[in-house]
Structure formats: structure tokens, C-alpha cells
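Labels for the chains are A, B and C, by order of writing; each one numbers its residues from 1.
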Amino acid sequence: MSAPASTITAVTPEGPEVEAVPAKRQRLRFVANGKAATGLVVLAFFCLIAIIGPWIAPYDPSARSADLLQPPSGQHWFGTTHLGQDIFSQILVGTRGVMFVGLLAGIVATALSVLIGVSSGFLGGAADEGLSALSNVFLVIPALPLIIIVASTIPGAGDLMVALVIGLTSWAWGARVLRAQTLSLRRRDYVEAARATGESTWRIITVEILPNLTAIIASGFVGTVIFAVMSEITLAFIGISTISEWNWGTILFWAQSQQALAQGAWWWFVPAGLAIAVLGTALSLINFGIDEFVSPRLRNSGHTRVKTKDGRTVRMKVGFTPVLNTTGKSAPVTPVVHVDEAKGTVS
Amino acid sequence: MKAPVLEIKNFNVDYGLGDQAVRAVRDVTLTLHRGEVLGLAGESGSGKSTLAYGVTRLLPPPGVISGGSVVYHPPGDQPYDVMALSPAELRKFRWAETSIVFQGAMNSLNPVHKVSTQMLDVIRAHEPQLSQEARVARAKEMLKLVGISADRMDAYPHQLSGGMRQRVMIGMALVLEPQIVIMDEPTTALDVVMQRQILAQLVELRERLGFSVLFITHDLSLLVEFSDRIAIMYGGRIVEEAKSADLYKDSLHPYSEGLLKSFPALRGPRRELSGIPGSPPDLRGMPTGCAFHPRCPHAFDRCSTEIPVLGVPEARNDPSRSVACWLPGRVPVA
Amino acid sequence: MKFLLQRIAFYLFTAWAAITINFFIPRMIPGDPVTSLINKFQGQMSTEAINSLYVLFGLDKNASLWSQYVDYWGQVFRGDLGLSFTFFPTPVSDILGQSLPWTIALVGITTFVSFVIGTGLGVLAGWRRGSWLDGLLPVTTFLSSIPYFWLGLIAITLLAGSGSFFPSSGGYEPGLVPSWNGEFIGSAIQHSLLPAITILISSVSGWILSMRNMMVTVASEDYITVAHAKGLSERRVMLSYAARNALLPNVSGFALSLGFIVGGTLLVEIVFSYPGIGYNLFQAVGAKDYPLMQGVFLVITISVLVANLIADIAYLLLDPRTRKEG
């Protein structure tokens, strides 16, 4: 083929969006993504609470008082427990444990998934087969029951132990995705070129491959944090991890074991549940942002409807390109039967 | 001059809406005549594929047609504007009157359905009155015409080679005997031998079935040999239009000349090869005046200020030719 | 066929790995909680039962690890998973045999229904971008971020309770005896509705989102443009071309995430005191009933493997490209 290479790979039709944008501008665009930005702000808020929570908490979360099972009031914003403990303080203090376990488990699992996924994809051969079999096994074995069993066998599992158990059992998904992506990157021209010029494997991996995996690693990290937070809260809720350390799951554990439901003490379990849901939503939003950043197609293209000059509403739609202004008048022949329906994709 | 079958008039295509709109096809007027092969050439980004997708209204979002008309002349009936059709009418018009063979045979076939399913569903959609046997017979006959044996009907796309898939696509494009077949780089992904075989077959089929072809490619030498007329696009506009032989012997626009020099001719005398310096213009920031002037070796003052109009050049008083250039002798006759 | 055999081999391997993990967990933990439990029930256990627990938990320090491993396998194959301490002296296998059908009925059916509904809505959301379904996405994201068990708690508070149609706990009316008669089945369905709705609400959005994203990705494939160019009806392009192809990665995603989903749904059983495996696990954890815990893990893992195999067969039927190696 004597054609310029660019023409062969060019995507038809040539839209303006296919052009490469410098990396710096792209990064800015990620933050500019509404979903990601919202998620990051909420996440930052929880991180802040995790740090300063114990200092700003109005009461000692374990301190008993005479206000037993009080509904929310000016004194106790989220009400009190059966022992008169302040639930608002429990939530504030408990944030630290939640974030600590989530982030630490996320880091452990991400590190493992990068190590296993990238080496598996890059090395190929027997190493690849062994490592991907290992990650498939971990993927298929139900993680939560495994975590429950391991954690309950360890006597007095604290936050650190719980985080490690979750991290060590939930790296497989990330490893699988990273392996696939590494495989495809390894076949790219520039990596082949680097290999041909004799660059060291280590350098190829750190300089040529890892930077291209950033988005996937980030999204895997966020996904693991979601999973870790949920697992940790579940462990606390069913009473496995030590209940002396406060976290949102511990609150729910007490609420459940003291029959908060039957007593109508909704304030005992609603705040913790909402906090989990808001944190989970924030993390999911960050991941949507990453997804849309990686494949722009998923983006909701702002306005899918538009008003034309003559006041019609036209919808963007695959398969039926909208016609903004039909110049039927200037055509030499008037449309035969289509005068009435001559609205194209009017909705 | 033959009768027109498709008249594209003052056609404009945008990507995006409102302030963000980027114009990819500008004010294109082009006529396809009955039974002819019209070649459309240009670099990637010149708007040639956008034009083809726009004419059939298959352009995905954010593409919109921002002006112009595409008048189709059905044989023995009143002409009508394709841009004014309702979705239901457009669906009826598609494939029955204008079919398309896309670039990249690999992905044009649905990987989860048999070839037969994909051939038959289009016949069923357009000719529901036909019996199942008649549909199968029609599909088989068409595949035979493109050199695919009937027993491949029940194959899945992944069981066929690239060349075979493209033949299947061509057979599918002809199965309703449309008036127009649009071909967008139909042979780019194939090797040269396969490319020539398929093109030879296409020429033969056209003589037999009498359809018109709008052939889009960046490979001008292929067009010179294969098409009756050629239109050259640059920066979303048509910059030259002429009979193939005329264009080859005596191209008038510096860009056409540059394109011709970028490809080795398959037949005819040897020529020196040279590319065109620079790169295609950014649609978001088109140069003023003639879009080609920053790359043009003959550019002078006027080129950067005024946009040249496509018209019959002064020097050649030949109504079959037109060019958009300010160079002496090429300015349109008043 | 080759594809299927490969998968079966892989699942056998995974089952082996899971059982081996089960073998090692109690052996790697310092101290042995089981001995004290055995001592507690000293007089009430037969030597045979004690022996079985010794094999399962590696209490026989004299045997080599290898011979412990071989004995362990022999016992697992015989279906002897020891005695439960919570339900002393019922064998673990009997307890699991009773609760597994409940879990399969509740979790199995709702997971499948959730996949079908979610995929269906995802097809529409992906095909008609910018329609009202897109507005639904943030809501479903929020719902899916709520832990299953918490949603269950809320559902009980709001919908169940005395005088409500929805019972707040159990798998059937307390007075009934499990049998295949109309009254019992009706009661079982009534009891399963609320947990099922809980699972459905929390899990459906994941399917909506992944199918929507697949539809959006597939919609720009060449064969979709060709399908439009062929003038096929909107319905046919959407279902037979776009959705049919987008379904493939969603089915394999379904298989892969079964382990995650099943883990989460088991918690719903806890909240509703539903007589399934998840509730067993809860009881076992509370009572430090290690034999039951291990048995639950084993049964869950094997069920997930079987479900995976079924999903693989479905994939095989859907994708002709994996079918060709005959």
C-alpha cells in the first residue's frame, strides 16, 4: 500500500474529536468532568472528616449518658443509642476507620493487581498462564464469604488486619483487566520498537506501559475501595471485626442487635447507611468519570436536542443524521409526496 | 450528457451544534449521472467520507446536515429530496435505491449472524411480499455473481477471509439492485491482488446491472483507471472536477497535481513521485481564502484573502471541467 | 466443545483450590478454637465425630501435613463436613442440604431476574441516549451504593411489620411444615418477596449501566451503520444487531461477577432471617461454629462455580466465534 499510514487507520467519518489532545489538557478535562468533580469533592469531604473527625466530635462516642434512645435534637444531632451514646459523634469518629480500611485495602489490592496483571501480560508464556489462572481462581471464588471466614478465624481482627485480608483477596479483577490491556499495549508499535532497540524490560514497563495504564489502575483502585468499604462495614455489621473500634458498620451492628428497628429508632441506622451510600456514590461517580475519560463515546453529549431556526426540535440520533434546515425551496424540483412529512427527525 | 441520478446541491455538514459547530463539508455541489462511476478523492480529513455519510444521512452524532439538498431521480418517477424524507421513508429509500459498501470489510458484517441471515433480512425488510424461497434464491444468485459459492451462505463472518467478506458485502449491496452504490474505500484493507480482482468484478457487474457508483478513496491512481469522472476534495470543498483522463493528463488545481504525484500510476508512463508538503487543515481553524494556500507552491496574494469559486476554467473552455483556483487561466469564466 | 472442556477443567481446578484453601485456613491460624469446642461437647460426641473434626481442622498433630490433606479430601468426598456446634449434633452437610434450596431459590432467581431486567433497561438507555432513562442512572447508582443489608433494614421498617402483607422475617409461616402444597408455596413466595425486591433494587443498576455502556460502544460499530444503511426497522437494528452483540460481554461479565453478587446477597438473608446459606453463615460466625462456616464457604463456592459454568454455556450458545472449534 502506497497510502500514507494515517489514512488507513483513520476513523471514518473524520470527526473533529478524533484528534489527539495534549496530555495536560486531557487531565484538566478529567477534573472538568462533572461526575468526577462531584465525586472527588465528596471524597475529599470524607477524607477531611476522617482526619479531623475525632477532634470535632461533640462527645466521646463510647461515653454513656442519661439521654437513652433520644431522637435527633439540637443536643444530639443524630440522636442517641440505648446507652445514651451520641450517634453523630460515632459517625464522625467512625469515618476514620472506614476510610483507613478502604484506602489501605485499595492500595494493597491495586499494588498486587499491577504486579500480577502487568507481569502476566508482559511476560507471556508459562508465567502468564500461571498468573492468570491464579487471578481467575481468585475472581471466581466468592470474595466476601472468604473474607468473613478468614477474618473470623483471626482472633480480634482490628482495622489493619481487616484491610489486609480484604486487600489480599480482592486484587483479581484489576489484575485481569490490566493483563488484557498490557497484552494489547505490548503489541503496539512503540513498545515493539523499544524492545527492538534493546531497552530493558523494567524500563519498558515503567516508561512505555505503566503511563498508559494509569486510567485503568485508577479505576481499579476506586472499585476496590468501594468493595473494601462495603466488606468492612459488612464484617462489622455481622459482628466479626472488633466492636471496640468505631466505624459505620459497628453502629449498624449495635442498632441491629439492640432491635433499633423494633423500637422505631430509625435515627440509629439511617445516618450510617446514608453515609455509606453517599461515599459509595461518590466513588462510583469518580469511576464513571474515568470511564468517560477513557472512552469519550460514553459521555452524555451535552445536548442531544437542538432547536433549528424555524423552531423545530431535532434530535441527535445514530442512523438518522438530523437535517437542520431543509432548503426544499431552493431545490429545482419540489418534493413529491413529502411536503407534509418533510420534517426529517422532528420529535 | 447522461441523465442525473443524484444531485447534491450546496451541501453543508457540521460536527456539533451552535458555537461549537465545525464545518466539515462546505457548499458542495456534485452530480452523479446514471450508470457512471464518479470518483471522490482527497486526503483523510478532506471531508470525502463525511460527504458520503451525510448524503445517506448515516453520519453519527455530533454530525448534522446544516444545509443543502440531495435530489434523487428514481427511474421513471418524480425526483425528490433525500434530506426531506421522514425516517420511515428514508428507511424505504435506503439500500433499495442507494446501498453502501463500507471501508473495513472486517467489521461490516454482524459477527453473530450467518451471512444468509444478514442477506435475507434486508430483502425481507424491503420486499416483504417475496416468499422465503424466492429470497434465498435471490441471495444465492447474488453471491454467485460476486464469486461466493452458495454453500457459504450458512457461514459466519469469522469463517470467511477478508476478501470474501468484502465480496459478500458487495453482493449484499447489489441484492436489491439499487440505482446507486456508494463505495467508501472498499478495498483499502485488502491486498493489492485481491483489490484488483474485486474491482474488475465490480466493473463487470456494473455493466450488467447498470448502477451508478460513487467511489471514495485516497488512492487517486486507482480512480484514474477505474472511474469515469473524478472530484477532488480539500478542506471540505470540491476543488476540481473533471473526466478521469483529463484530470490525469492535465490537472488544473495544484492540490490535484500534488495528489497525482503522491501515487505511482498503475499504467501509463512513469512519473516522479513526490508528496505534498504540510498537513491537511484543521477544520476548527481553516486558513482564510483558498484553504490550500499555505501548502500551495504557486500561492500568491489573492489566494490568502479570497475563496476561489468552483467553475469552468477560462483557459479550457470545456463544460465538463471545473476548478476552484485563482491561478491565471483557471479562474472561472464570468 | 473444546471451549467447554477448557472451562470445566478450569472450574475443577478452582474447586480444588477452594477446598485446599479451606484445608489450610484453620491450620494457619494460631491457637485452635475447635479444641475448646470439642471439649465443651466432650461427653456428647462419638469418637467417630471427634475424629472427623480432627481431620477437618488438623488437630491431629502427629500426622504429616500430606496425610492430613489426603484424609481431608477423603472426608470431603464422602460429604462429611463435621458436626455443627450451633445445631449440635446435626452434621453440617444436613444443615446445608436444608438451606441450600432456599438460597438457590431466592438468590439464584432474583440475580437472574435482575440481570434480565437490568440488561433490558440498559439496552433502551444505551439506544436512546438522552431519554428519561439516562436521568434514572444517578438514582440507580445511589441505590446500588447502599449495602444490601441496610436496604433490607429500611424495607423491613417501611413495608413489613404487624398487619403488613410482607412478613419481616423467616422463609415461611412458622406453623407450616415444608412440603409441596399450595399453602406452603404461597407462604414461601410471600416471605421471599421483600428480600427479593431488596436484592433486585441494589443489583439491577449495575446491569443497567454495563449494558448501556456496551450498547453505546457497539452503536458505533460498522455493522450497526450497515444495518441502518440497509433500511432495517429500528427494532431490528436495536435488538438483532446492537443488543445481540452488546449482550456477549455482559454475559461474561455476569459470570465473572457472580462471586461478588452472591456474597452481597447472602447478607440479605441475614437481615430477613431467611433460612438459607447466608443465614447459616451468620449463625456460624456468631457462635464460632467453624465446621459450619467452612461448609458454607465450600457450598457457596461450588454453587458459584456451577452458575459460572451455566453462564459459560449460555455464552457458547450466543457467540458463534467460540462455537466454531467443534
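Points worth noting:
One rule holds in what follows: contacts are C-beta pairs under 8 Å (C-beta built on N, C-alpha and C of every residue); 3 or more make two chains touch, one makes a residue touch a chain.
Bear in mind the structure is a predicted one, so any value in this text is a computation, not a measurement.
Averaging the CA coordinates per chain and comparing them to the mean over all protein CA atoms picks out A as nearest. Greatest Cα centroid separation from chain B: this falls to C.
Between the CA-based centres of chain B and chain C the separation comes to 54 Å, rounded to the whole angstrom.
With centres set at the average Cα position, the gap from chain A to chain C is 23 Å.
The distance from the centre of chain A to the centre of chain B, with each centre set as the mean of the Cα atoms, comes to 44 Å. In chain A, the residues that reach two or more other chains under the touch definition are 301, 304, 316, 318-320.
Residue positions 219-220, 225, 228, 234 of chain C each touch two or more of the other chains. For chain B, the set of residues that touch two or more other chains comprises 58, 60, 87, 90, 102-103. Residues of chain A touching chain B in their complex: 1-4, 6-8, 10, 12-17, 19, 301, 303-304, 306, 314, 316-328, 330-333, 335-338, 341-345.
On the chain B side of its complex with chain A, the touching residues are 7, 9-10, 14-18, 22, 24, 43-45, 47, 49-50, 53-54, 57-69, 71, 77-81, 83-87, 89-90, 102-103, 184-185, 188-189, 192, 218-219, 262-264, 282-284.
Residues of chain C that touch chain B in their complex: 219-223, 225-234, 236, 240-241, 244-245, 248, 318-321, 324. Interface residues of chain A, counted against chain C in their complex, comprise 133, 136-137, 139-146, 148-150, 152-155, 173, 176, 226-227, 230, 233-234, 237-240, 252, 256, 261, 266, 269-270, 272-273, 276-281, 283-285, 288, 291, 295, 297-298, 300-301, 304-305, 315-316, 318-320.
Every residue of chain C that touches chain A in the complex is listed here, in rising order: 10-11, 13-14, 17-18, 21, 25-26, 29, 31, 33, 129-130, 134, 141-142, 144-147, 149-150, 153-154, 156-157, 213, 216-217, 219-220, 224-225, 228, 234, 237, 256, 258-260, 262-264, 266-267, 270-271, 281-282, 285-286, 288, 290, 293-294, 296-297, 300-301, 304-305, 308.
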